[in-house]
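Just so it is clear, A, B, C and D label the chains in written order, and each chain counts residues from 1 on its own.
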Amino acid sequence: MKWLKDDDFIRGKIPMTKFDIRTLTLTMLDIGDEDTFLDVGAGTGSIAIQAAILGAKVYAIEKENQGVELILDNAKKFDVKLNVINGDAAKEIKNIEGFNKCFIGGSGGKLKEIVREVTKGLTQDGFVVGNFIIPDNMVEFKNLLKEAGYEEIEVKLVQVSVMDSLGLMKGQNPVFIVGGRKK
Amino acid sequence: MKWLKDDDFIRGKIPMTKFDIRTLTLTMLDIGDEDTFLDVGAGTGSIAIQAAILGAKVYAIEKENQGVELILDNAKKFDVKLNVINGDAAKEIKNIEGFNKCFIGGSGGKLKEIVREVTKGLTQDGFVVGNFIIPDNMVEFKNLLKEAGYEEIEVKLVQVSVMDSLGLMKGQNPVFIVGGRKK
Amino acid sequence: MKWLKDDDFIRGKIPMTKFDIRTLTLTMLDIGDEDTFLDVGAGTGSIAIQAAILGAKVYAIEKENQGVELILDNAKKFDVKLNVINGDAAKEIKNIEGFNKCFIGGSGGKLKEIVREVTKGLTQDGFVVGNFIIPDNMVEFKNLLKEAGYEEIEVKLVQVSVMDSLGLMKGQNPVFIVGGRKK
Amino acid sequence: MKWLKDDDFIRGKIPMTKFDIRTLTLTMLDIGDEDTFLDVGAGTGSIAIQAAILGAKVYAIEKENQGVELILDNAKKFDVKLNVINGDAAKEIKNIEGFNKCFIGGSGGKLKEIVREVTKGLTQDGFVVGNFIIPDNMVEFKNLLKEAGYEEIEVKLVQVSVMDSLGLMKGQNPVFIVGGRKK
């Protein structure tokens, strides 16, 4: 098995990126074993763990202790190696070198600083993707990428509903997936 | 005010058809003061109450006592008159005469019988609409309408998300709205 | 019949607001015969015509001659009276008095000026609604309403799919419907 | 690069499964280099080609000559090996042995026969996925899987919209992705 289901993960109370959004994010990033991947605001680490399983060298920055513990627990469960940094994303990104793929899952209100630091650190032709449930943040991120000269900018809105055991379609929240390539 | 918001209604624990689906259902039915409207499986009665406010003569059949009470409470609150029948839809429809518009909100597993009885009672050129969150039931209803010779059959899938106070888009369940005209 | 279908309208090449979005817009505005309604950037006039049929006193501003002609043709077809103004919205709004409901369908890149003029002209407790297929414009409009002190701000994302004659669900474009009440 | 974009493929006039649905289908199937994968009704072969790139041994059955040619052209372009069978799916499945993953993209009105043959050929614990834009077919497929004793049945409804160069969100058709594991 390569693509983990939501129930495979050890989960705390932190909301987790769901299977379909995780999958669409990592395939937009086209993560593989030749990549060095940075997950900014890693949360429960489901994206970081999956990226590691796909073979990437992974750095994950997460502010909350609870999140860091979950990432480490999951890394242990799936026997993958990750570099987990417990700290403030905007500050910690500087210390990470040579990443060619980046995911921004959480910005803590500092999207501008984070995009600036990610853009500094990302290798030429590197690709960055963000997930957004707040349209304002999606628009800001898209515009920051444009201003920073990113190309191949993609904005997708994905709505998934899943049939429950009674046969009802249960709607999940719509998510914007936004990506761009650094030039 | 003519179009009630969800919060306007006295609500119990029974799930209520939400504003957008209620509105799209009643405008597909094109309910007005010249109509006699039957609401089958009325639930909290939000559709029936709104139809009455729009001027229709309304019959509402509901099996659960709790639902009947909610409908009557809401009728009182909005000062509209409704004929509420506490009973089994498949049996009670026979006793209602001359309705030209009909909504099927609940079928309690008896969709076939209900469509048969509705089709008997509905006036020529009358219009019937159903709401479905279970695709199987939607397909069954659509096919029952086709078999019974209904025309102008419409099937819509509606997904609504509403921004919450934090600016997040919260997804509601997708709903199928299906209508047809008796010929 | 009160709620017109898309095919009821005389249509040109200008894109028309589709039934479900038209309905959700006019019911969010809660348009009735006691209202004075301004349609800014009326396009084909489907919203303005429907508002007139619902009994409102209607003003429609449209820049393109082709749109103005369509509105007048439709007004004739449905035998309703509308005040159609052929001109630039930002300039023409000033000349319209006493409207308590307003729809912004098109802004021609002048959303800020239009919201400013609409806010000046709209009566106290009046309600304004905009439709957006460009998220950037939706976010700008929502923020303009907030800055201008509007209350009861609602943001909805609506995705409708319609079954075609082969039984396929055909997806329409997602539309943001945004409304607020002037205080 | 592992995950092909839509524009990477040589495309004819046959409709192609789009990136997001292709990705969600292949990750639900969890395709990897240890799999033997059968694509029934392969169409343009975008799913089959991607599966081959992910390392699976691939069989693709396609009725239309035009489809077969596209698959072969794409196989050449991406330098992957596929076993392409030009024929009727219900008949050809019998001749394919030992596949543990299967995708049903087209059924040509023979869904029942195809599910029967696939179920015969699929190895124990094998996984099958179908894509449906016609709800009736989705419901039939889901029920066929249930009747045949499949487990872990999943039904997802996915709606994707993509921002165009003007910033407009363009809605794609909603697609049902249905999967189950043979027990």
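Following the convention adopted for this analysis, contacts are C-beta pairs under 8 Å (C-beta built on N, C-alpha and C of every residue); 3 or more make two chains touch, one makes a residue touch a chain.
Source: prediction; values computed, not measured.
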| item | value |
| --- | --- |
| Equivalent-chain rotation between subunit C and subunit B, CA atoms, steps of 5 degrees | 180 |
| Most remote chain, CA-based centroid, reference being subunit C | D |
| Cα-centroid distance, subunit B relative to subunit C, in whole angstrom | 27 |
| Chain centre separation in whole Å, for subunit D relative to subunit B (CA means) | 38 |
| Distance between chain centroids, defined by C-alpha means - subunit C, subunit D (Å) | 43 |
| Numbers and ranges of subunit C residues touching at least 2 other chains | 135-136, 155, 157, 159, 161, 163, 169, 174 |
| Footprint of subunit B on subunit C - complex, ascending | 1-3, 19-20, 23-24, 27-28, 30, 32, 154-163, 169 |
| Subunit B - residues contacting subunit A, complex | 133-137, 159, 161, 163, 166-174 |
| Residue ranges of subunit A touching subunit C (in the complex, touch as defined) | 135-136, 138-139, 143, 155, 157, 159, 174, 176 |
